[in-house]
Amino acid sequence: MSLKDYQKQVDEWISQYKDGYWTPLEILAHLTEEIGELAREINHRYGKKTKKDSETENTIEAEIADIIFVLICLANRENIDLDKELQKHMKEKEYGRDANRWERK
Amino acid sequence: MSLKDYQKQVDEWISQYKDGYWTPLEILAHLTEEIGELAREINHRYGKKTKKDSETENTIEAEIADIIFVLICLANRENIDLDKELQKHMKEKEYGRDANRWERK
Amino acid sequence: MSLKDYQKQVDEWISQYKDGYWTPLEILAHLTEEIGELAREINHRYGKKTKKDSETENTIEAEIADIIFVLICLANRENIDLDKELQKHMKEKEYGRDANRWERK
Amino acid sequence: MSLKDYQKQVDEWISQYKDGYWTPLEILAHLTEEIGELAREINHRYGKKTKKDSETENTIEAEIADIIFVLICLANRENIDLDKELQKHMKEKEYGRDANRWERK
């Protein structure tokens, strides 16, 4: 599935509800919350943090999907074509500023 | 382009460099930095925050692309199939726990 | 109590444990998690986000205290005198760059 | 200086300006931005991230002070007594849930 398809699917999902899209500052707060959940999982798996019993078991993969979902909401809210932006980004990585930022093999 | 294609393209890009993938805690720190840049742009456009002259002009769309790029790096590092995870996520949204969380139109 | 006293108290608390201070990247991941919890509470109180039943009830004040605690850990780990830094920061706000950034009453 | 004194000093500073305190969602977005700047410095010093030439040189101590400043703004906005909350937090750490979470020396 392409990013465009996901953007469409998310839009159909949100369009069923009365609230519709949240404001950008609300979506950002939600994104911050989701990054926090990813941080918890990563620190749990790769850092020293142990879990409290009350903490639900989640996975890094599920948290990444949560974050992408929120980003798609924000992109839809702002009329952003994610495919176009990502392709532009990849081109910059390959030929632009970052192309010689790290040592090649 | 599908998410699988992007994951492959990012992997080819990173494979050129000596450092290769960073550790998950380093990628997370980078992700936190990028979320911060998105927050700045959103607060600038929708909140009260003015910009200092020294702050470079970026856009919400470019910052979202930056974040997705970092998430793809993390997914690759962890052998995560983003397409599979996002489809699972969408199914949960539609039929699972969240399906009746908000009021329908 | 002064910030110096809190820094001392946190140091005494951490010194009891075998692990001691985490690495800066681990502390940062923990900080990101705590910011996420604050974001959840703020979005719950001021945004549109409703809570899932499984989510524990916390408060904005408790989350802010959590965050300051983590910042004190990081400051101790890095030998930073928070009182000195905050006073420098306040002076810059009052007489420096930011003094004329917003419209006065 | 005590936290109460800092809260008072920040309040006096903000009271000079027309805008006054931002909304909690705006303050949160600003906090997310500042955490991102701290993440950049930490990843720069302890991770693999190199700096772009365009990136200004900051320090971990200055970024921590920035974050505490924003937290004080939020606390003032919400009528939170930080000293009281931190003391409660320290007591929980010492005698409560977390007292036996990690292995003692």
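Some notes on this structure:
The first chain written gets the first letter, and so on, giving A, B, C and D; residue counts start at 1 in each chain.
Assume contacts are C-beta pairs under 8 Å (C-beta built on N, C-alpha and C of every residue); 3 or more make two chains touch, one makes a residue touch a chain.
As the structure is a computational prediction, the values presented were derived from the model and not from experiment.
Two chain pairs, C-D and B-C, are weighed by contacting C-beta pairs, with C-D ahead. We define each chain's centre as the mean of its Cα atoms; on that basis subunit C and subunit D are separated by 4 Å.
Averaged Cα coordinates give subunit B a centre that lies 24 Å from the centre of subunit C.
Among the residues of subunit B, those in touch with two or more other chains are 19, 23, 25-26, 28-29, 32, 35, 39, 42-43, 47, 102. Viewed as a contact network, the protein chains are fully connected, with every chain touching every other. Subunit D meets subunit A in the complex at residues 23, 25-26, 28-29, 32, 50, 52, 97, 101-102.
Put simply, subunit B touches subunit D in their complex at residues 19, 22-23, 25-26, 29-30, 32-37, 39-40, 42-43, 47-49, 54, 56. For subunit A in complex with subunit B, the touching residues are 1-3, 6, 9-10, 13, 15-19, 23-25, 28, 31-32, 35, 38-39, 42-43, 45-47, 60-62, 64-69, 71, 74-75, 78, 80, 82-83, 85-90, 93-94, 102-105.
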